[in-house]
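Common to both upcoming complexes is chain A, partnered first by chain B, then by chain C.
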Partner chain A sequence: MSENGINHKFAFYLGCIAPNRYPGVESASIKAMKKLGVELVPLKGASCCPAPGAFGSIDLAVFYAMAARNLVLAEQMKMDIALVCNGCYKSIWEVNHKLKHNKDLRDAVNEVLKEVDMEYKGTINVYHTAELLYNDKFIGVDKIRDSVTNPLTGARIAVHYGCHLVKPHKDREFEKEVMLNTECPTWMEELVAAIGATPVEYRNKMMCCGAGGGVRGYDIVHALDITNEKLINLMEEKVDALTDICPFCQLQFDRGQIEIQEKFGKTYNLPVLHFAELLGLAQGMSPQELGLDLHGISCEPLLQKVL
Partner chain B sequence: MAEKKATTKKAPSKKEDTKKVAPVKQEVKKAAAPAAKPKAAPAAAPAAAAAGSTTQQGEARIGVFICHCGTNIAGSMDIPAVEEYAKILPNVAYVDNYKYMCSMPGQAVISKAVKDNHLTGVVVSACSPRLHEPTFRTATKEAGLNPFRFEMANIREQNSWVHMHDREGSTDKAKDAIRIAVAKASLLQDLFPKTVPVEKAAMVVGAGVAGMQAALDLAAAGIKTYLVEADTSIGGRMSQLDKTFPTLDCSQCILTPKMVDVGRASMIELMTWSEVHEVEGYIGNFDVTVRKKARGVITPKEAEARGIVGGGCNGCGDCETACPVVKPNEFEVGMKPRKAIYINHPQVVPLLYTIDFNSCVKCGICVTACGPEKRAIDLESKDEFVKVKVGTVILATGYDIFPIEKKEEWGYKRFENVITSLEFERLICASGPTGGHLIRPSDGETPKRVAFVLCAGSRDNTGTGKPYCSRFCCMYSLKHAHQIIEKIPGCIPYIFYMDIRSFGKMYEEFYYRIQDEGAKFIRGRVANIIEDKKTKNLHVMTDDTLLDRPIDMEVDMVVLAAAVQPKEDTNRTRKLFGVSCSSDGWLLEAHPKLNPCGTTTAGVFLAGVCQGPKDIPDTVASAEGAASAASIPIHMGEVELEPYFATCIEEKCAGCGMCVNLCPYSALALVEKNGRTVMEVTEAKCKGCGTCGGFCPGGAIWMNHFTTPQIVAQIDAFLLGGEQ
Partner chain C sequence: MARTKGYPEALEKKLSEQRFFREDSNPEFTKNVKAISRTIAHMCYQCGTCTGSCPSAPRSSYRIRKFMRRAVLGLENEALTDPDLWLCTTCYSCSDRCPRDIIPTDVIMSMRNLAFKRDIVPVNFLKTVQAIYSSGHGVPNNDVNRAAREKLGLTRDPPTTHMYPEYMPGIRKIIDHYKLKAEADRIVKEREG
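Coming up: the complex of A and B.
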């Protein structure tokens, strides 16, 4: 252990949706991780990751260059990146990986970065905070369990893994082998159990939230149709909340429920929380501190059960 | 652009580099000097070298023959320019070109030229030596020269084919290749292949249908054959099958007669519950140590040898009834129990029980059940090692099912009603665990809707499965569809496929028949299978690529046509015999088209699926091919060994023994000679790889046909030119 119980420091890449829609994810991540010995240092000057679907499908050169710029900012801080969003993970982790292994691409990107006096060197790694939480090299399930002051006993919580963190399987290289399970992973459920809640399995767990790949922007009804199917499957299991590790998925499930009500006339009122928010609750942070009041769907029913 | 590049690069490099190269020249010469001695003093070199004392540079008269290979070579380079260039090379006494050097008239050109011009060596500048070295070696021999006075310059595979659009570049490269070949040819020596006698016995490893067929053929040809099988009984996978496509005859019915024949054949020595432990030697003389695993049960013959008259296992099964230990039966893919003392199924050959000592608690109940007359059970039995000598070997180690649970999306081992095709074979088989009733493992109900997922783990480029086609799953899945339509009225098979590969004789007809019988075909790779927790029914999710719509089909049962992969122990076994495998693990044939049964290790052949997925007809055909190939050296009585072995120049050898450890073929040993320790080569074991020759610090190893002076001359010719 080094200073103030901090063992690891990471450049904290926020992305767009977390700070703009769910600021609680940001504060929860910083505070909860600190208790677990990990300091998240803001990555100043960062831009959009950029969104893999929106940018990646239109102009790859821009996509690579923008992601590389974010990486260079962290390289300059001499810190690995930690981030809280699956979409950001796909962009920044994959671009880092590609640039490290493909010299031609690296040269091309550096040609672009020259214009802003930057050079990508390939000196850092990129992690999702969920990975830091699960991997005992950084934190691990036991440490999380020990940090809990307010166990979420009795809450039935289902997990939405989202697509971009675990897929495509052949491009992922997690140190923890169980994280390479793309079709029926259960490591997030271990995290849910560690904070005292009851993890719940449900039909077609690995189905997409509906929003990704530009579907939400392109065809909202179609996107909501997928979300709706997931919600039906979730309600079958009588869950108290859904937890995710991606603000974009969270947006789709949370705001999406309001849109589903408007468009399909169906009401679910299922609280949707980023795992960082749940962890914050379990570590004794207040709902206000976590910005839970900013959610589209009220978290009150869950809070009544666990507080 | 590309043409320019090649030539402009070349031109300066020739002139400018002469200066830079100069010091290299000296070094090379120095290195060459000591090694050159044995050439001048052939007494030190082997007898073969002695006969080749005409290889002094001045006396060499080399003929160069340039092949057009139609337009394959001539289309990409300036043949007349190459020819003119060859004429100015040292020692070249004759140059000619011909449209097809390998044709009979082409070979006649060589023959005539050798005689007319008193040539001492031949260089053919054509394709790869892998293709035509034997052809031209024979032509050289027929012209009256020692066949090893021949050298090939590859100007096709390594030149015209890859530099098709760089005429100047490829012309220059051909000149280089010929100059190098001439340099070597000038130093070539007469070599004389050795012959070794061939043991009149063969070994077949693996007794599935491939190994059995190969052994039967060898035995019928009068060759004593050791058939080594790792399992307790012969028969392999085919004995687990119910029916066989496309004729639908019962697998056991057509297999058991063969099994019985194998058991009876006097020329076949069957070694079940055994594996190859160690291999020494080479074609004609393999010394193979077989490990007979402790079996705990003795045959009547073994009983007799122990003085137990009328004893030994008669297959009554009293021990099995008595044994208290219950284990899953692997033959039934774990769907039926067996005891610690067991046989796979009632028709086993040999009918001899086996104790699984990993589960046996040595309670001794079976010994009592077996009784004092038979006394067939020996709980203290140990592994035995048997050494046999054979002339040739056939590997027929077959396949395993790919662990399809690795394709997590289909839920095998997570969802009870998702099974593999091999499990289906046992469930639909009258002698199987359910007496031939296909039932759902979850509730024992008869399914009414069964999905078949084809290419499960095959043709898979995700990195989890196998990239190749497993070749028999399409056909056996059609067979399975037929079987359920026949056995379960109203049951519908849904076949999810990519392509139906019905390539064999009467296979396409079989495919149409199954379509007519009412099987439903959906073209789409199954993305995901989801279990309904309450009913244990399964939802098969895919995209129907013909109708262009997503599918979510609820079925009662899913059968995964899982990919196949080489049998578990294949890698260890193949290494013992020095056989390579391709990147997917299947054993590597000598040539995929022209020598599919041979391997690059002389005397070792391949049969059946161990070489790559094959259905039974192809397996049996390959087994008969391998048996025929393996019997040739045995019937010849002796085999010729390539004379490329290493020899020790004893005066120079310091007896350090480093080479002995380096040799990958254990061909070298240290011996005492005239009061000194020197290295000695077992020529028949030496493959001429040159590892020792390149290493020896004293330059005491002489590699026939790849001598240091020859190699140095080639390097010199390349670096320094040497045109006259």
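Coming up: the complex of A and C.
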């Protein structure tokens, strides 16, 4: 262990929705990861990843170049990237992977980056914080369990894995092989159990939140109908909260419940928390410190059970 | 008598003539889809696992299998003018389960890219481009969130392009290289006046 108990340092790529809609995810990640020996250093001047669905649908060539710019910023810091959002993972990890393995794409991107005095070299790796938490090379389940001061005992918590961290699994290269299972993975449930809560399985767990691919902007009712189906499946299991590892999914489930109420007249009041927020709670951070009051759906019912 | 491996020449010729059998099919479209998607759409044997895995299928007329067929047959107009093209949430469930190891989601993405080149694109996609061009973020910060960030002990603006706007000219240069902002502005103006 090195100084101050910090074993690993990463350039913290924020994306858009975490810092600009759920800032508690940002602060909780920084604090919780620090307690686990991982320092997240700001990645100055980063932009939108850019949004794989909305931006990638328009022109993939520009999408590659824009994502490469973010990668180069981290290359200049000589640090691997850590991020908290599945959408960002799809852009940043996947473009990094594609550019490393396809010379034609790399050359095309570098031709454009030359205009802004940048060059993509392919010298860094990209990780999702959920991956860092699960992989004992960085943190691991045992270390998380040891960091818990306020176990979330009695809380029934279901996991929404989301899509773009793990799918398509044929292209992914996780060190932990269980993360390549996209039909019925349970590694996130292990994390939920590590913070003292009871992980709950539900029907069609791996289904999409409905927001991706620009569909939330294109046809909000269609997107919400997918979300609504997931919420029905979740309520069948009487869960106290849903945890996610993607602020965009969180937005769709959290603010989406308000929209579902307006459009479909259905009320669920299911608290939706990013795993970083849950971990923060279990490590003794206060709800105010985590910005839980910024959520569209009140987290009170869950908090009453675990605090 | 033992049969030769592969098709006899005459049969091969006959098949290649029949490969694109509709008046409106465009072999270039098949090639363009393959080049942009970097996946092997032409290997699709229409089993339908993709549509069966699709969260959008049960609640709309969107059928990913149909788009796969259009890719193979070069049915460009039919594919690009179908509004269902924009109902894919890009969840990659179809890609995870495809027994031919095709990535149908990326076929959809390539078709959307090709549709954009013909000005066929929903406005919300263009607005994301405009937002990123102006602030670097698809979902930008606002005053309520700035106050909330301050309470959490964070900087009012995140240490991204929001806090360091000096990075914006580089971003705009990249987008302008492809003339993407100008195109987005033009199409939005045509639609919304």
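We take it that the second predicted complex is superposed on the first by the 307 of 307 C-alpha atoms of A that agree within 3 Å, B and C clash if a C-alpha of one lies under 4 Å from a C-alpha of the other, contacts with A are read in each partner's own complex, and residues count from 1 in each chain.
Definition applied: a residue touches a chain if its C-beta (ideal position, glycine included) is under 8 Å from a C-beta of that chain, and two chains touch if they have at least 3 such contacts.
In this text the structure is predicted, and so the values were computed from the model without any measurement.
Engineer: Given the alignment on chain A, is it a clash or a fit between chain B and chain C?
Structural biologist: These partners clash in the superposed model.
Engineer: Given the superposition on chain A, which partner contacts more residues in chain A: chain B or chain C?
Structural biologist: C
Engineer: Is A:R203 touching the first partner chain B, the second partner chain C, both, or neither of them?
Structural biologist: first
Engineer: Would you sort A:H169 into first (chain B), second (chain C), both or neither based on which partner it touches?
Structural biologist: both
Engineer: Could you say whether A:T182 touches chain B, chain C, both of them, or neither, answering first, second, both or neither?
Structural biologist: After superposition on chain A, A:T182 lies in contact with both partners, chain B and chain C.
Engineer: Using the touch definition from the top, say if A:F55 reaches chain B (first), chain C (second), both or neither.
Structural biologist: Only chain C is touched by A:F55; chain B is not.
Engineer: Residues of chain A that sit at the chain B interface in one complex and at the chain C interface in the other, please.
Structural biologist: Residues 168-170, 182-183, 206, which sit in both footprints.
Engineer: Tell me, which parts of chain A touch chain B in their complex?
Structural biologist: Where chain A meets chain B, its residues are 168-170, 181-184, 203-204, 206.
Engineer: Quick one: which bits of chain A touch chain C in the complex? Just the residue numbers, please.
Structural biologist: So the residues of chain A in touch with chain C come to 14, 16-17, 19-21, 23-24, 26-27, 42-48, 50-62, 65-66, 69, 102, 112-113, 115-116, 118, 163-164, 167-171, 182-183, 206-208, 210-215, 217-219, 222-223, 225-226, 229, 288-289, 291, 294.
Engineer: State the interface residues of chain C toward chain A in the complex, per the touch definition above.
Structural biologist: Those residues of chain C that touch chain A are 36, 38, 55-56, 59-60, 86-93, 95-96, 101, 103, 105, 109-110, 112-113, 116, 121-122, 124-129, 132, 136-142, 145, 148-149, 151-154, 158-164, 166-167, 170-171, 173-175, 177-178, 180, 184.
Engineer: What part of chain B is in contact with chain A in the complex they form?
Structural biologist: Chain B reaches chain A through residues 408-409, 411, 414, 462-464, 528, 530, 532-533.
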